[in-house]
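Quick one: the structure is below, questions incoming.
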Amino acid sequence: MTLVIRDLCVARGGLPVLMGLNFQVAPGRALVLRGPNGSGKTTLLRTLAGLQPPLSGEIGGAEDRIAYAAHSDGLKAMLSVAENLRFWASVFGQRDIGPALRSYALEDLHDRLAGTLSAGQKRRLGLARMLVTARPVWVLDEPTVSLDADAVLLFARAVRTHLEAGGSAIIATHIDLGLEAEVLDVTPFRATAETRAGASDEAFL
Amino acid sequence: MTALLYRDLMLALRAGGGFGLGLAFFLIVTVLVPFGVGPQSELLARIAPGILWLGALLACLLSLDRLLALDWEDGTLDLLATSPLPLEAALSIKALAHWITTGLPLVVAAPLFGVLLNLPGPGYLWLVVSLALGTPALSVIGTFGAALTVGIKRGGLLMSLLVLPLYVPTLIFGAEVARRGAAGLETTTPLLMLAGITAGVIAVMPFASAAALRINLR
Amino acid sequence: MSVTDDKPAIKRPSGFWSYANPVKFLGFSERILPALWVLSAACLALGLVWGFFFTPDDFRQGSTVKIIYLHVPSALMAINAWFMMLVASLIWIVRRHHVSALAARAAAPVGVVMTLIALVTGAIWGQPMWGTWWAWDPRLTSFLILFLFYLGYIALWEAIEDPDTAADLTAVLCLVGTVFAVLSRYAVNFWNQGLHQGASLSLDKEENVADVFYFPLLVCIAGFVLLFFALVLYRTGTEIRLRRTRALLARQGRQ
């Protein structure tokens, strides 16, 4: 099923930030979002993940199909690596965490408490979480923050495997992952001060 | 769903403060009361049911701001909201975990603290019954308060202000059961009212809590 | 770059809901506010002067009975203000009209002052009657609890920065709070009767007062209702202007 975005307008704090977005992400395809800080990439991704409603427009094919990862990984310092993963696996109705551990080279850290991991290791664990969700559309917000070069390669490989298996991904990132992906620069879609689009403060203008 | 319950209990156990802190607070309140009102045993016996209920209520309140705040900070709530688990169910589970870690120990320990306050003989049974029936409501209502204030920095005090008035009916009927029980009177009516409030709150409040949390997650 | 005067010609709702438009609401409230102020002042002056100076002293309570002209209307408005907030919150949740949310916000401080007046006049009345400033009479206790609910509601509005989030959360709190306020009312009734006879403290005033006290009381109640509406309209106007300033500033910051 293709993710279809039509005429989407997203808002942060009641103000429109991006508008007129139209794109599709077919199975097996990846979309890389680019744009300067504060341009609304995170807002767009949160809207796609269903955490906030769009101001206007449609998001088709997202219902219960999206796995979302943002700046914070939802890890518990007092649980071990395996326990953290197993928890998310069972929330998403999965059991096997082996492949996820292997693809991010976390087997050796299996029993370490997440609180004792380095920032990069935590990030790897957070990304491994995507693999235990069994959801076809990955929505990733700056996934490579605090990853070293090797780990970025691990990540790129995981995404590639996911795409080959018929999944898709929308990734906001600034580095080149070496993926065959379409690139969407959100800068032209930034809302101007006159944009209303049903913004929450529209009635007051 | 059991995974979430298991995780929350595990965290309470490992991070410490989960089981112990509320109980210690309860004990301290119980110990401080005689210093405040004097050591006369008849007086203590008369106010014991109320004091024990109040102590349990405050101990519950004390641990509420940890209920959602930690999961909010590390992004778990975002991820739970995008998971197949309905937020209503997740919050019910979290309320249950809160009850097991704070309410249940209070129920079990209350008779011991009753001894300190000269609680009359027939009061013990009714104290335990009323707390066992009433404390789940405290956890569920508290979850609502936590969901309302989770996005506010240093929202702990505000949450107390919001939650304590909501505790009034539970406290009134719960303490009434304990008090009447201690005095050897009929307890059926307040007991039924207490059970009704708890049942109603468990059925309805998770929807209000989830609505509040969704607004905060936006 | 102007963001103010280029109203697009979109279809506007007519009739009652057209006042959900802040600009139209402001125009409307500015037109009727002077009349409301004058009317409420006239009613209050008439009712209070009539009640205080031209009614006989009660044979049992003496002149203390005359505090009824403040106590009953304020108590009435304390409850009705919450009820109005409840209706406004529901309208906000269902129809997303900002004016409605702001009216609920505007009514809360008025309601809390009414509750305070009712509590204080109750205490002043109670002192000579019952020999104590405060008794845990079910009615007084319920008002105290209502007061706490008002405080929580106002505090939640103040604590949240984003105005729409604040409107949503306070609306949820208002709904839940209403249910618990009603529950508390019954719980408190039960609780006090469970301990004491209780009933002797609160005679039902409206039914017991004679006509000679009753008519000035009605005028006072009308005065309080008008005053309430005037205050709420006025404060809602202030809130709308604040939101408008915020909206314009937010847009300006983005250019």
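All chains are identified by letter, namely A, B and C, in their written order; residue positions are counted from 1 within each chain.
Heads up, the rule we're going with is that a contact is a pair of C-beta atoms (placed from the backbone, for glycine too) under 8 Å apart; a residue touches a chain by one contact, two chains touch by 3 or more.
Treat the numbers as computed from the prediction; the structure is a model and nothing was measured.
K.L.:
I want to compare two interfaces, A-B and A-C. Which one has more contacting C-beta pairs?
P.N.:
Of A-B and A-C, it is A-B that has more C-beta pairs in contact.
K.L.:
Grab the C-alpha centre of each chain and report whichever is closest to the global C-alpha centre.
P.N.:
B
K.L.:
I'd like the Å distance between the centres of chain B and chain C, where a centre is the mean of that chain's Cα atoms.
P.N.:
Taking the average C-alpha coordinate of chain B and of chain C, the gap between them is 32 Å.
K.L.:
For chain A and chain B, what's the span in angstrom between their mean Cα positions?
P.N.:
37
K.L.:
Taking the mean of the C-alpha atoms as each chain's centre, how many Å separate chain A from chain C?
P.N.:
Chain centroid spacing, chain A to chain C, equals 47 Å.
K.L.:
Can you list every residue of chain B that touches 2 or more other chains, as numbers and ranges?
P.N.:
Correct list: 218.
K.L.:
Show which residues of chain A lie in contact with chain C when the two form their complex.
P.N.:
Within the complex, chain A contacts chain C at residues 13-15, 192-194, 196, 200-201, 203-205.
K.L.:
Along chain B, where are the residues that touch chain A in the complex?
P.N.:
2-4, 6-7, 10-11, 14-15, 71, 73-76, 78-85, 217-218
K.L.:
Quick one: in the complex, what on chain A touches chain B?
P.N.:
Of all residues in chain A, those touching chain B are 49-53, 64, 66-76, 78-79, 83, 86-88, 90-93, 129, 133.
K.L.:
Sort out for me which residues of chain B touch chain C in the complex.
P.N.:
Where chain B meets chain C, its residues are 144, 148-149, 151-152, 155, 158, 161-162, 164-166, 168-169, 172-173, 176, 180, 189-190, 193, 197, 205, 208, 211-212, 215-216, 218.
K.L.:
Spell out the part of chain C that touches chain A in their complex, as residue ranges.
P.N.:
1, 3-4, 8, 21-22, 98, 162-164, 240, 243-244, 246-248, 250-252, 254-255
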